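Once you scroll down, you'll see the structures, which are given as structure tokens.
Two complexes are shown next, each including chain A; its partner changes from chain B in the first to chain C in the second.
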Partner chain A sequence: MDREQKKNELIGFLRTIQRPDYPHNQIDEDSSLIESGLIDSLALLQIVTHLEQAYDLDFREIGFDPAELRSVGSILNLIARELKS
Partner chain B sequence: MFVDLQVGDLTEPLTGRSWKSQEAMAQIFQRVELYGNQGIRRSERVFLFNGNNLEFFADLLALWYVGACAVPIDGRLTPFEIENLVKTVRPRFAFIDSTLDRATMTALSVHGVSPLDIRAHDRDGVRSSKNYAPRGEARLDDEALILFTSGSTGTPKGVVHTHRSLRARWMALRECLGVESYHRTLCLLPTHFGHGLICNSLFPWLSAQHLFIAPPFSTDLLMQLGRLIDEHEISFLSSVPSMWALALKTSKPPQANKLRRIHCGSAPLSAYLWRQIQDWAGIKEVYNAYGITETGSWVAGTTVGEFEPEDGLVGLPWGAVIKILRSAETAALFDNNAQCRADEIGYVWINTPALMQGYFNQRELTDQAVSSGWFLTGDMGLIDERGWLYLKGREREEINKGGTKIYPTDVDAVVEKFAYAQSVCTFAIADPLYGQNVAMAVVLKRQDAQAIQALHRWMKEHLADFKMPQRWYVVDSLPQNSRGKISRQSVQEMCAGLPPLDLPALLRSPS
Partner chain C sequence: MNASQLSYRKLAQLHENERLIAWLQSCRLVIWLSVARRRQILFIGAIFAGVVGAFSRQASWHEYRFLTPWLVHGIAFLLLLGIIYSLYLAAVNFKRLPAVIRGRPQLCFHFFFWLLLLIIWCAPEQSGFSLAVLAVVAVSFPYLIWRAGYMLLSGQRGRAEGSRFSDHLFYIWPVWDGTNTPPGKGHDNLSRAEAQTPEAYARAILGGIKLLLLVALWKLVMQVIGAVVYGDPKSSLTPLLKGFYLGIPRLKQILGSDASTPLFVMWVSLYLELIWETLSLAAKGHVWIGVLRLFGFNVFRNTYKPLLAETVVDFWNRYYYYFKELMMEFFFFPAYVRYFRNQPMLRMITAVFAAAFVGNMYYHLLQAKDPLIAGNVDRLWAILGARFVYCFLLASGIAISMMRQQSRRGHPQAATLRTGGFSGVKRIACVWTFFAVINFWNVPANLTIAERGRLFLSLFGL
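Now for the complex of A and B:
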């Protein structure tokens, strides 16, 4: 999958966990997922679980900065870095 | 006033700001004079919006020195809910910080509440000598703390604790738990919450232990919890179960071998999660701490020696007597036949010197919950032959969203006032992250998209975000019992077979 495909896949997943009462028409790469109100903070757990399953990542092992889960763009960067390593 | 209560050091691990205990006392004494000059007097009730930082604790103790009562407020409430609390308590002052929004400031100002921000005051003129020690004005049975647990949209339910009841809680905890394991305590819970304030923070800090106070439920901190524990050599933290889902999945375990004990409370702790926490932390002393705001929070826990985690296991009382009775009627307290046998499930009643004075301005409600010093918890449980308490369910009407209690009536009260609402019923649904979440079934006079969008706007304006229903069901009628009352359980069962509203799509559609 290239970055664009990964992005579409990720946004598709985020749509399934977004807060029901936030009518976002589009999710861009840079917006903060939590501050924009798209998801609530504990939903980060669902993102982590999704990334573990989709990309075989183990977050307890890889050691990451929570800021890497801040936005779609930063998550894609995290995936790219971990797949490369 | 604080006879044998002595403050410890205070640190904000996220910012690195820190006060040694002497500096903390100097900060408190400066405020005593400053707030005295502002006209804050004994028995005055003061709102505190500035939780989870160093200043909050100095403000709290300064208020207690001048004999005032502290009312910590959940900053997530809407201006409408805050105005409702203001109308109930009628404070003259509110301690604020820069995070308070303009609409809330306006709501305070409309009701004549003066905002006080310590950082905005020039403190050069006040005495800050280490030798200056003001005389404490509070008396043991004065109101010390009011914590609002529900009713922010209707009739607010405020739990009133006196200095006597709070001190009784801290003394009981010292006796039952000691203070050694708490010498470097981390608090990740909100300070407007009995568990976070009275027990996680004030019990260690007022026992001269070092308190590390962090922003509440910070996901960034949870994802690096092991590192945080190591960096600050944390020996103790308390928690709610939902915090662990994220921490266990993302944070490396602590390596420094400084952690001694963890408490987990405010929501049911499964044996499975319990063992996972023990494994992650590398310690056996993970206690399920049973606490209720009315009893000054932690009132029982797993100080039983060797134990294996079990679903529902709590353990032994901490500064309380616990009875399991077959009835929730007060007459049962005096009926020997009403007491359950070992292992028999019944209603959990608690007697403790740390019991609240009562619900703020609600005599009838207090009388329903308290009789002859016994408090009806609303929990179901049993005591086994060893004397260990197990919780087996709740009779209370509340939704426990990851340890935060949401009262269905608070949501109902807002929806009922909406122009097109005919009837409404808010209920709990299972949630893989939070344990429970909020759902709502509503009968509307108009069911078109515009009406639903208007209802959504109305609710956003009046209801704090965390109370907003996660699932909406728009239905033609709600099932009623034989007395014409809507039964939450029947509504829950009815909705289980219905598709919820696709709210995001509906809100995206043109109005």
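Now for the complex of A and C:
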């Protein structure tokens, strides 16, 4: 899967966990997921679970860093870095 | 929108007033206070705060007429500075630390603190001077432990490399003070939120001023409640009312009184206590964050409209944000990524209890520093026994709320229909009731758990 496909897959997942009152349709690659109101901090856990299942990432080894889950772009960077290593 | 609404909006959005921002960013002082200068001021302030902190713990100022207290506190200060510097070196050279420390840096750091306590507990009483120095170091630790913990976390995440000691010391001994919980968190969060341009700095300053204005407002509201509801002699408005007040007792008075209180009054007191504590925490937190913003760190508020929260977990998030963040960073996330990966519900419950129950209890155990350093278990239990029940109820409430919230996510229409209106008010009332009721176990009182339990049951007519 290339970055664009991963991005679409990730946005598809984020749609399933977004806040019910999120006012926008677009999900920008760089804007903060929490500050933009798309998700609340609790939803970070669901992103972790998703990344574990979809990309086999092991956060016990990577270490949990909320900043790496800050935006769609930073999540994609994390996936790319971990799959490469 | 009418004129009064418009002027309220102008005042509330003070920090977004473009004309004010443009004027402020051209002010000489704002231009002169560059990022580097602000950091220098904070570094000097940190040394000052560290000295004051070390000298004001375990001693009264009048004791400094003699040489020994000067020596004890002076050496303790230097020791603390040495410990912080060693931790800074550990953070910037994190990758070169032994594997056992790299794996669990926070645990190793806390182990060091408990080792220090063990030495104090086991030391013979005649080891006067050195024991006194160690006691001052140990009593200073609960304030430093979470702040230095954030520094280690920054090292663990590879963000401390290249940072200077002064980039960390200013939040470890902050001029804005605060409780053992670090407002603004640590290096990573503060650096991310730091204003880099005069315009961003002007915005941060206005955000800080707005919070400081809110402090004045909340203090005024507390004066009114103090006078009208409690007849508090400390309120400057009480004499103006000439003896008129509602006579609702504070919750601590109910818990400390032998006479029984009417059920209705008890419930009113419970809700008012929640409002009072929220206002009090908001006023304190706005000062910390207000000062942080005046120094250019545009970080989130500590308290943000918790009384409008419609879920338990949202209230916890808004009430004392930096305490919640502390619990999340040091307890929740580590537990979440480590345990029960294949059992989602158990995984979440474990993480919630790790944070809201275990972490919360541990935090308050460290906060009870005097009996802790004296090794006085009975006193510790007297202080923390009721909190044990409080933390259990809090964790249970959060876990249930989280599960409900998770099940609602991703269903925009269903959720939108239920948002706001009467059902919104009903949900807010439920959240108030939950926190007001569990707060019964949080207010300090000289009661055993059984006595408090009996009084608690009487709230429900049992």
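Criterion: the second predicted complex is superposed on the first by the 84 of 85 C-alpha atoms of A that agree within 3 Å, B and C clash if a C-alpha of one lies under 4 Å from a C-alpha of the other, contacts with A are read in each partner's own complex, and residues count from 1 in each chain.
Rule of thumb we're sticking to: a residue touches a chain if its C-beta (ideal position, glycine included) is under 8 Å from a C-beta of that chain, and two chains touch if they have at least 3 such contacts.
Note that the structure is a prediction, hence the values are computed from the model and not measured.
Once the two complexes are laid over each other on the shared chain, residue contacts for A:26 go to neither chain B nor chain C.
Applying the stated contact rule after C-alpha superposition, one finds that A:41 touches each of chain B and chain C. Applying the stated contact rule after C-alpha superposition, one finds that A:16 touches chain C and leaves chain B untouched. Of the two partner chains, neither chain B nor chain C is touched by A:5.
In the superposition on chain A, A:63 makes contact with both chain B and chain C. Note: residues 18-22, 40-43, 45-46, 48-49, 52, 59-60, 63-64, 66-67 of chain A belong to the chain B contact set and to the chain C contact set alike, using the contact criterion stated above. Note for the complex: chain A touches chain B at residues 18-25, 34, 40-46, 48-49, 52, 59-61, 63-64, 66-67, 69.
Residues 15-22, 40-43, 45-46, 48-49, 52, 59-60, 63-67 of chain A are the ones touching chain C in the complex. Considering their complex, residues 156-157, 188, 192, 313-314, 317, 328-329, 333-334, 336-338, 341, 344, 348, 351, 402, 405-406, 408-412, 414-416, 419 of chain C touch chain A. Interface residues of chain B, counted against chain A in their complex, comprise 217, 219-220, 223-224, 242, 245-246, 249-253, 402, 433-434, 456, 460, 466, 468, 470-472, 503-504, 507-508.
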